[in-house]
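Following this line, the structures themselves.
Two complexes come next, and they have one chain in common, chain A, joined by chain B in the first and chain C in the second.
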Partner chain A sequence: MNFLRIMTQKKSLIPKLNLRQRTLIAMIVSAIILLSVIFAGILLGDERIATNLENRNLAPSLDHPFGTDWLGRDMFTRTMKGLTLSIAVGLIAAAASSLIAVVLGILAATAGKIIDSIISWLVDLFLSVPHLVTLILIAFALGGGMKGVIIGLALTHWPSLCRVIRAEVMQLRSTEYVQISRKLGKKRWWIVTKHMIPHLIPQFFVGLILLFPHAILHEAAITFVGMGLSPHHPAIGIILSESMRYLSTGMWWLAFFPGLCLLIVVRSFDIIGENLRMLIDPHRAHE
Partner chain B sequence: MLLEAHNIGLRHPNGHWLFRNLSISLRSGEIVGIRGPSGCGKTSFARILSGYEQPSEGVVLLDNSPLPKTNYHPVQLIYQHPEKAVNHRWKMSKILNEGWTPDDHLLTSLGIEREWLNRWPNELSGGELQRFCVARALGPKTKFLIADEMTTMLDAISQAQIWQSVLDIAQKRNLGILVVSHDDHLLKRVCSRVIEFHNISYK
Partner chain C sequence: MKNMIKFILKKTIRMVSLLIALCIISFLLISYSPIDPIQAYVGADMMRVGPEQRDKIAEYWGLDQSPLEQFVQWGSRVLQGDLGTSMIYRRPVADIISEKFLNSIILMSLAWLLSGIIGFIIGSIAAMKKDTWIDRTIKWYCYTLASTPTFWIGLLFLMIFAAWLDWFPIGLGVPAGVIAEDVTIGDRIKHLILPTLTLSMIGIANIALHTRQKLIDILSSDYVLFAKARGEKGFVLFWRHGLRNVALPAITLQFAAFSELFGGAVIAETVFSYPGLGQATVEAGLRGDVPLLLGIVIFSAIFVFIGNLVADLIYRLVDPRIREGKFL
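And now, the complex of A and B:
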C-alpha cells in the first residue's frame, strides 16, 4: 500500500518524460543558453564597454548586472562579447581540428600499413604531451594573436577523434557490404565516399561538438597566461587575467561572473554533445 | 570457362593448418556441391575461390590465369547473412544497382516486388534481402557463383523459390555454381555432383 501511494504521488508531481524527451529538453535548454549568449554578444553596443570613469568599480546592480571594472566598463557586456569571441574561435578551431581528424583517420585506415603507422605515431605523440604545452608552443611559434591560437587549437585537438574515426573506418572496411562492393568493381575512393563517409557523419558531428568545450577552455587558458589573444580583444581569458589583479581589493564580481559564464557555456556544449551522441547512435540508423 | 583451385591451403597465424592440398575444378554450367561439418573451413575456402582472401599456399585459376584483383570479379560470392551484406544507410534500389542494373525480367523471376525498391533494408525480411543479394551478384560479367549457405537462414518456401530462379538463370547464362552447404537434401536436389570436404583435403 505504502509503495503504491509513493508511486501515485510521484506521478502527479513530475510529468513522466521518457529518456528521449529528457535528452531533447536538455539539448534545447543548452542551445538556448548558447544562442542567447551569442546574440547578447552581437547585439550589445560598444558604448557600454567604452571607458566611463564616473562608473568605476561598481558592485553588481540592476543597471550593471555583473558590476563594472576599474575603467567603468560594464562587465556584463564585456563578458558576453568575450564569450562570443571565444565561441567563434572555438568553432573555427574545432571545425578545422575535426576535419584534420577525419582526413587522417580515413587515410590511416585505408592507405596502407606505412601511412597507418605514421599517423598512429603522430596520434600517440600528440596525446602523450599535454594539450596546453603543445598549444602554447605552436601559438608562440606563430607569433600569438588570433591566428596563432586558432592554428594551435586546430593542430592539437584532432588526435582523439582521429583514433575514433580510424577504428570506425577499419570496422567498416571489414564489413561484408564493403568487401562485396570491391568485388563489384568499385574503386577505393568510390567506396570511401559512398559507403564510409555517410557512416562517419554522426561521429564527426558529435566529435566536433565535444571538441568545443576543450577548444574554448584552452583558448581561455592560454589567453589567461598571456600567450593567446592580444589584450585589446574582449576575450574571456583577458578579462579573467586582468581581474586577478583587482581581486585582492575586494572586487570579486570581476572574476566571479565571467568565470561562471565560461563554465556554463562549456557545460552547455558538453551537454549538447553528450546527448547528441545518445540520440544518433550510428548503429541504429533508421529506427 | 574453367575455375580451378590447385593445392589450396590456409594456415592460421598460430601455425595450425585449417586445410591443405585442396584441389577442385568447376566448369561453366556445372553445379557442384561441397558438404562438410561446421568449422571445417568451407566458408574460408569459398572466400578464397571468390578472391576475398588469399590462400597461404596454392593458386586459384580462372581459364589458366589468376583471379583479377580489381574491377568486377567474375567469381561472385553470396553470403549466408543477407542483412550483413547490405549497407543499412542505403535504400534497396541503390543496393540492387550497385554493380549493374538488373532488368525487370530478373527481378520478377527472383520474386522481387517493385515497391520493395523504395524501402530501407531493415524493412525487409531476410528472405527478401537475400533475393536482392542474389540479383546484385548476377551481373553480366559474372561467370561463377559461390553460394555459401545461401539459403540456410531462410524458410523452405523462400529457399525453393530462390533456388528455382537461380538454377534457371544459371542454365540460361551457362553459369557455374558451387553450392556450399551442410544440407544434404538441398545438395542432392540441385547439384550434379557433391564433394565431401574431407575427401578433397587432409590436414
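And now, the complex of A and C:
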C-alpha cells in the first residue's frame, strides 16, 4: 500500500497533465498486450499444437495467422504458449534476482566497510564473465533444463540493481530525517522499516520490471543455443532454433512471427518499466 | 605516472583474486554437474563401451580421482600455463582457444568498430536535433533495437540476404567443400559480412543513447550557450565544442562493453555456424568438454578485464580532471 501512496503523491509533482496521461496510456496499452499474450497462452488448447500432417507447412492465413510448421502445428498457438512460458521463467528469475539485489544492496550500505567490500567484490566477480558464458556454465552444472535457466538468470542479473539499491540506501542514510531519527534513539530496525523501505519499494519494483527484458532475452538466447529449456517445451528459443533448419526452404513465417512477438513482449515490459520510473522517480519526472 | 602504475597494479591484483575465485567456483560447479563427462566424451557409442573401458577412459582423463585432487592437478597445470586437452577436439585447449579467437577477433573487432561509429553518429544527430522527429525516430529505433533478440536479427538477415536475395552464403567461415588453401580472401569477407552486421546491432543502441544524453548535457552548458550567442550553430558548433567532450565517454563505454560483445558473439556465431570462440563455447557446453569450457571461462574473464582496464586507462590518460583528482 505504501507503494501506491508514494505513486499517487509523486504523480502530482509532474507539471504537464498531458505527459502523465500519455505515460499512463502507454503503460496500460503495454499491460493489455502482455495480459492478452498470457491469457492466449493459457486458454489456447493443446490440440492446436498436436501433430497434424495434413496441414503441414501452410503459409499464414486467417485460420493459422502465423502459419503452420513441418508437423502441422499451429505457429500462433506455439508462439503464445512459448511467450507465456518465457514470461513465467522471466518472472521467477527476475523476482529472485531482484531479491538478491535488495538484500545485498542494503547489507552493503549498512553493515560496515568489510561487508561492503566483500559485496562489491562479488559484484565484480559476476560482472567479470560475460552473462551468456556464466549462463552456459550454470546450465551445464545443473544439467540444463528449466531449473538451470532460472537459477542461472537469477544469479547473473542482480549486480546492476544491487549497485542502484546500495547507492540509494547510502543517500538515504545521510538524509536529515534519518539522522534525526537516529539521534532520537530509534532502533536501527525501526529506521530501516519506517524510513528506508518505503523509499526502496518503488526502486525495487522498477528494477524488477526492468530486469524482465534482460531475463527474457537471455532465456531465449540460452534456449536458442541449446543449453536452456528442453525441446519438449514450446519455448521461443526452441521454435527459432528449429526454424533455422527450414530457412533455405523459404518458410519465413516460422522465424519471423515468433521473433517479432518476443520483441513486442520485451518492448512492452521495457515501456512499463521506463514509464513507471518516470512516474515515481522525482529526478526523472521532468523528462 | 606513479599513480598510474599503482592503479594498474591494484586492478591487476583484484583481477587475480577474481580469477582464482572464478576457477574454484567454475570447477566446483562443473564437478557437481549431473552430465557424465565420460558419456559426453564417448557419445552415442556408450552402449558398446564396457565397464573396463569406461574405467580406462576415466583413468586417462583423471576422472577417477576426487574433485579436490582433480582441482589441485588442474589448478597446478593452469598455473604453468597448461589448460589441459580438449575432449572434443583432442588437442590442447590453449591451441583451440587461440585458433578460434583469431577467427572471432576479426568478427568482433569489425562489429565493435561498426557499432561504435554508427551509434556515435546517430546519437550525436539525435542530440543536435533534440525534440524533432529525427530525434524521436532515433530514440524509438534504439529502444526497439535494445529489446530485439540478437539471434532473431541474424535469422532475418539470413532469410533476406542469404535465402531470398542469395547475396551471401548461409553460414560457416569458409565455403563448404573447398580445400583450405583454395579459400580466397573474398570468400572469407563474404562469409564475414552478415555475422558482423548482426553482432554490431547489439552495441548500437547502448552507445547511441549514451552519446545522445551526454551531448544534450554538454549542449545545455554555459560555454555552448556563449558559442551560440556568438553565432555558431549546427555542425561547426558540434565540431568545436561537442565532439571532443562526447567522444571520450563513448570510447570508454565501447571498451567497457566487451562483455556484451563476447556474449553477442556466442549467439551470432551459433546462428551463422561461424567457427569462432563463441561457437566453441556452445559446443563445449553441449558436449560436456570440461577442460575447454573452463579454459573459455577464464579466457573470457581476461578479455572482459582488458576491456575494462583500457576504458579506465583512457579516461585517466585523456581526461585531466580524473588524472588530477583523487579517484581510485
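Heads up, the rule we're going with is that the second predicted complex is superposed on the first by the 263 of 287 C-alpha atoms of A that agree within 3 Å, B and C clash if a C-alpha of one lies under 4 Å from a C-alpha of the other, contacts with A are read in each partner's own complex, and residues count from 1 in each chain.
Following the convention adopted for this analysis, a residue touches a chain if its C-beta (ideal position, glycine included) is under 8 Å from a C-beta of that chain, and two chains touch if they have at least 3 such contacts.
In this text the structure is predicted, and so the values were computed from the model without any measurement.
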### Message
On the A-aligned overlay, A:I42 touches which partner chain: chain B = first, chain C = second, or both, or neither?
### Response
neither
#### Entry: Touched partner set for A:K183, first chain B, second chain C, both or neither
first
### Query
Should A:D124 be classified as contacting the first partner (chain B), the second (chain C), both, or neither?
second
### Query
Should A:T175 be classified as contacting the first partner (chain B), the second (chain C), both, or neither?
first
### Query
Does chain A have more residues touched by chain B or by chain C?
C
### Query
Looking at the overlay, what does A:A111 touch: chain B (first), chain C (second), both, or neither?
neither
### Query
Counting only touches as set out at the top, which of chain B and chain C does A:H199 meet: first, second, both, neither?
first
### Message
Give the list of chain A residues in touch with chain B in this complex.
### Response
175-177, 179-181, 183-186, 195, 198-199, 285-287
## Note on the structure
In the complex, the residues of chain A that touch chain C are 121, 124-125, 127-133, 136-144, 213, 217, 220-221, 224-227, 240, 243-244, 247-248, 250, 252, 255-256, 259, 262-263, 266-267, 270
### Task
Sort out for me which residues of chain C touch chain A in the complex.
14-15, 17-18, 21-22, 26, 29-30, 32-35, 143-144, 146-152, 155-156, 158-159, 162-164, 170, 259-260, 262-263, 266-267, 270-271, 281-282, 285-286, 288, 293, 296-297, 300-301, 304-305
#### Entry: For the chain B and chain A complex, residues of the former touching the latter
50-52, 70-73, 76-77, 79, 81, 84-89, 98-99, 120, 122, 136, 139
